[in-house]
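Heads up, the next two complexes both have chain A, just with different partners, chain B and then chain C.
Up next, the complex of A and B:
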């Protein structure tokens, strides 16, 4: 309590009692009722059984590991290869999408920060932002139009004689990966841009004058500066891709599920909220664990994340 | 382009490719909105039409969802902008250690998958509702309220980031000066800090409205049995697509572009005014051009232009062209049929006359029941008969009359 008061008093002295009360109450409600308690109750829920309504709170309502056990071993005690496989596939695909985004966005962020000037730079910034004002669903829909069996790519490919049967890009997940790559480009460009912009141009020119080749300049001078930006962008892209629901639902092949779709099925089709919660907890823990591990590997802290 | 730091042809080419990837899908989608083909596509082009816009506005579920989305969006802006402001102010006041911890807590909702946020929200409020004995009609099970709660959780963090960026440039000595001159802390807050933050309030409000409007992952859980614009859209896309969605995209993109241009006009004007070069500038020094370049004028002009185009397009009658397409299709069908008949006739001519009877004694348990010849014994050529060998039947064409033909 004294700790809280010591936080509160300087604020009241600086901004006035009303403002300090407002800040305190708003942050308290936000942290407790919107962030912490919901996560805790989801965790609690995931350890419970899916009981009919009269039994809730009764003697049957006990804590159990059933929902987690189901994820690992299914109903029959065998290894639940289906669900585990989907989780692994989701993570691998998310890593893949993140890597592609880094590859695509690093050059554009560098160009934006150091090569483009004046009107070109302004236009580029607008051009980057405008597509992301379009609804996420519609962006996925655009890729469906592009990659469908009668879509533009198939008609061009067949018209030019590259292939004579329509290729099912949706089933092959090409559409899904392109759509996901597209969806989070902005979140990758701006962190890298912010980081690279801090670089003094003279350093690049000095390196050039000393005779360094282009890839060497990037590897030794630009990349170390860009690293926090890349880490921050990669974290966001990875988390959002792994947690994406709309794009896999719209662009995913019929037999290829994303892990979030499994969670969605437990909630909306099987009406088993407890098991859905358990799967959500698993997704959360695995994603956070994965990101923490990578942050440790690349020596970046979470404080550097944000736009 | 600045050559010294790696501009030049490669950079320009790469940028072009990059923006082609960014805009290509959107442009294609926009074009499909005007094709009369009932599946969204460019090739084959059928007719220019605006009927998909009518269909879009006639979609009642989508329009009902739009109303819900607007209500939720306004609510989210009204809550998350002040909450985000509070978070940013709290972060700028506390010590470094508390700051790091609080920042981590407040920023995690952005990183947590939206699905998880949605689930935790409905589970928490549902549990709270049950523990106070509320029934299912109460606020704890109301999709609109839950969506509001779930969205504010992470959208407030967006607003916070906007305010934090602005606060970094705030000079705290301004507040101190106000206090020294006898202002109360409350006055200093209202007269110094809030006006300084007001541009950030505008952009935070815009960002939060946009984020709320297009959120799907959280909303699809928290809205329960209700609908917002985005969830309706998603279910529509999942259950078959038609170009009315492209029409929607056209509207959104048009609004976006107009917004971007007006914003650009506004920032340029503000910049020129601030640096005091208005009199010398070509555009802003000229009285006519200066009025034309005013953001409001830009908005009016663009809206008028868009409205004019929309009106002109809505007068376009695609019926004649569609009839033409239909006729063409019918003609093509006729032609194909005719060709097929022609082929049949040719085949018939090449086939020796006793072909059908020869297949009579087929050594099969079906007793030749599958033999088309038995249905049309030697008379006029049944159209299906020659086609039979082509059908991938499980009998491998063994029952086809031709297969036993002694030639």
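Up next, the complex of A and C:
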């Protein structure tokens, strides 16, 4: 409470009581109604049984670990390899998408911050942002058109004689990876740009003067500066990729489920919100745990990400 | 110790139609402390980047130790550059910073550390190797930057206004320190500065530059006492510039007709003038003396505008027939303080006044 007051009072003194109250109320509504309450109710759901309506609130409505147990061991007590496998596959795929994004976005951000000037830089930023005016679903379908059996890439490839049979990019997940990689590219470019922009050009020249090759300049001078940006971009891209639904739905191969699709199925097709909630909680916890572990490994603090 | 001469052979550097450096032609001797002095934008940094290899001359050649540096990259030249803002790597420790050039050359971690510690001893900062750069003071960072530049034993150290970020007192201290380091390691230092105090105190020789042109090269004394152009006379040190026309030249002594009467000075470099040539007479503030009576020639009648007290000296601001003048007087006690508006006469020895052809003045 005293901490809150020490935040409120200087704000009221600086911007006036009205503005301070508005910010206080807005933040309160945001945190409580949009973050805390839905998550708590989901958590609550995840520990309950999927009961028919008359039984809700009755003697059968007790807290249980059933939904979580199901994820680990299914109905038959055997290890639930199918669902666990899907979760692992989703995480691995999300890691790949994140890595590809880092590889693509680091050079873009570096060039944007230190090489491109004036018109070129502005064109680059516009080129990055404008495609995102098209909504996510349409973009996903565009990738489907691009990578389909009769799509643009196959027509060009076969027309030019690189291959005879249409390549099934959808089944090979190429379309899915491309779609996801592209979907969150901005969330990677701008944090890295922010970090790299702070780099003093003289440091690059100094390193060059001392004989450093370009890769060493990047490894020892640029990359350490970019690290917090990469970390914050990577967390966002990883979380959003692991939690993506539309792109896997549209671009995923037929035999290939994303963990979010599993959650979606529990909620919508099986009408089992309790189990869906448990799966959603599992995804959230695993993702948070994974990100925290990586932050430890790469020695990034949460404060650096917030910068 | 290697002694490699640096020759700038008719070097010109142009950016489009703009000439940053115009026909610089000089030799910097190995082991010399050589300064380029000039106002900002005079082309001195451009020239330095040309020696370091970050840019190439548009015309002419840069030779180091007799070999043409054309196409030789900054890392292949026997030079090390210290940047204006030092460009130390903020995320590396002090020792890693100093050892970075060695790391680049693939020297083992242990040897790198050993060399870094040696260099830290040399710059009188033993034991700070594990600190981060931001934990050091400005002067310490300065010395670390020098140590880093010296790590691979270059022949020539290039310094681009490295003291400009320091406060006054530290700047004065670092002048002595830089000079001492230079004498200790025996390297050629090429020093860029707009601060004439730095150039004069540290250098063996100074080149004064203005708008891309080297106006004069010489040791600090000759630059200060025997300027060759009106720009050098007015840029290096304080001076009084009085415009006039030549009325008579007898040997080295030239008489000018000026708004404050006929005044005499020495013709710089034995130059001959025709009557009526437009000239400047330059008199250093410390060469002017306050006299009680009018003693022609070479006296100027003036009135006191104000007096500034600087401790060891008093600076007297005068107005003589519309011309602003200043006199520096050694402080010998409160009794010689002068009242504002007081009329007086100041005199000078023609041997200590310089006559130069009319030309651009610094800051004008």
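Methods note: the second predicted complex is superposed on the first by the 285 of 307 C-alpha atoms of A that agree within 3 Å, B and C clash if a C-alpha of one lies under 4 Å from a C-alpha of the other, contacts with A are read in each partner's own complex, and residues count from 1 in each chain.
Here is the rule we go by: a residue touches a chain if its C-beta (ideal position, glycine included) is under 8 Å from a C-beta of that chain, and two chains touch if they have at least 3 such contacts.
All values derive from a computational prediction rather than experimental measurement.
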Chain B versus chain C on the shared chain A, clash or fit?
fit
In the overlay, answer first, second, both or neither for which of chain B and chain C A:49 touches.
neither
More residues of chain A are touched by which chain, chain B or chain C?
B
For A:224, select first, second, both or neither according to whether it touches chain B, chain C, the two together, or no partner.
second
For A:294, is the partner it touches chain B (first), chain C (second), both, or none of the two (neither)?
neither
After the superposition on chain A, what angle is formed at the C-alpha centre of chain A by the C-alpha centres of chain B and chain C, rounded to the nearest 10 degrees?
100
With the two structures laid over each other on chain A, which partner does A:205 touch: chain B (first), chain C (second), both, or neither?
both
When the two structures are overlaid on chain A, which partner does A:148 contact: first (chain B), second (chain C), both, or neither?
first
Please provide the least distance in Å between a C-alpha atom of chain B and a C-alpha atom of chain C in the combined superposition.
7
Chain B/chain C common contact set on chain A:
205, 208
Sort out for me which residues of chain B touch chain A in the complex.
1-2, 4-8, 11, 14-15, 18-19, 21-26, 28-29, 32, 39-43, 82-83, 86-87, 89-90, 93-94, 98, 100, 102-117, 119-121, 123-125, 127, 130, 149, 152-153, 156, 161, 164-165, 175, 184-189, 193, 210, 213-214, 216-217, 220-221, 230, 233-234, 237-238, 241, 245-246, 248-249, 252-253, 256-257, 259-260, 264
Which residues of chain A touch chain B once you look at their complex with the stated criterion?
7, 10-19, 22-24, 26-27, 29-31, 33-39, 41-42, 44-45, 56, 104, 107-108, 110-111, 114-117, 120, 122, 124, 126-131, 133-146, 148, 150-152, 155-156, 159, 182, 185, 201, 204-205, 208, 214, 235-236, 239-240, 242-246, 249-250, 260, 263-264, 267, 273, 276-277, 280-281, 283-284, 287-288, 291, 302-303, 305-307
Can you tell me which positions in chain C touch chain A when the two form their complex?
52-54, 73-76, 79-81, 83-85, 87-92, 100-101, 103-105, 148, 152
How about chain A: which of its residues touch chain C in the complex?
200, 202-203, 205-213, 216, 220-221, 224-225
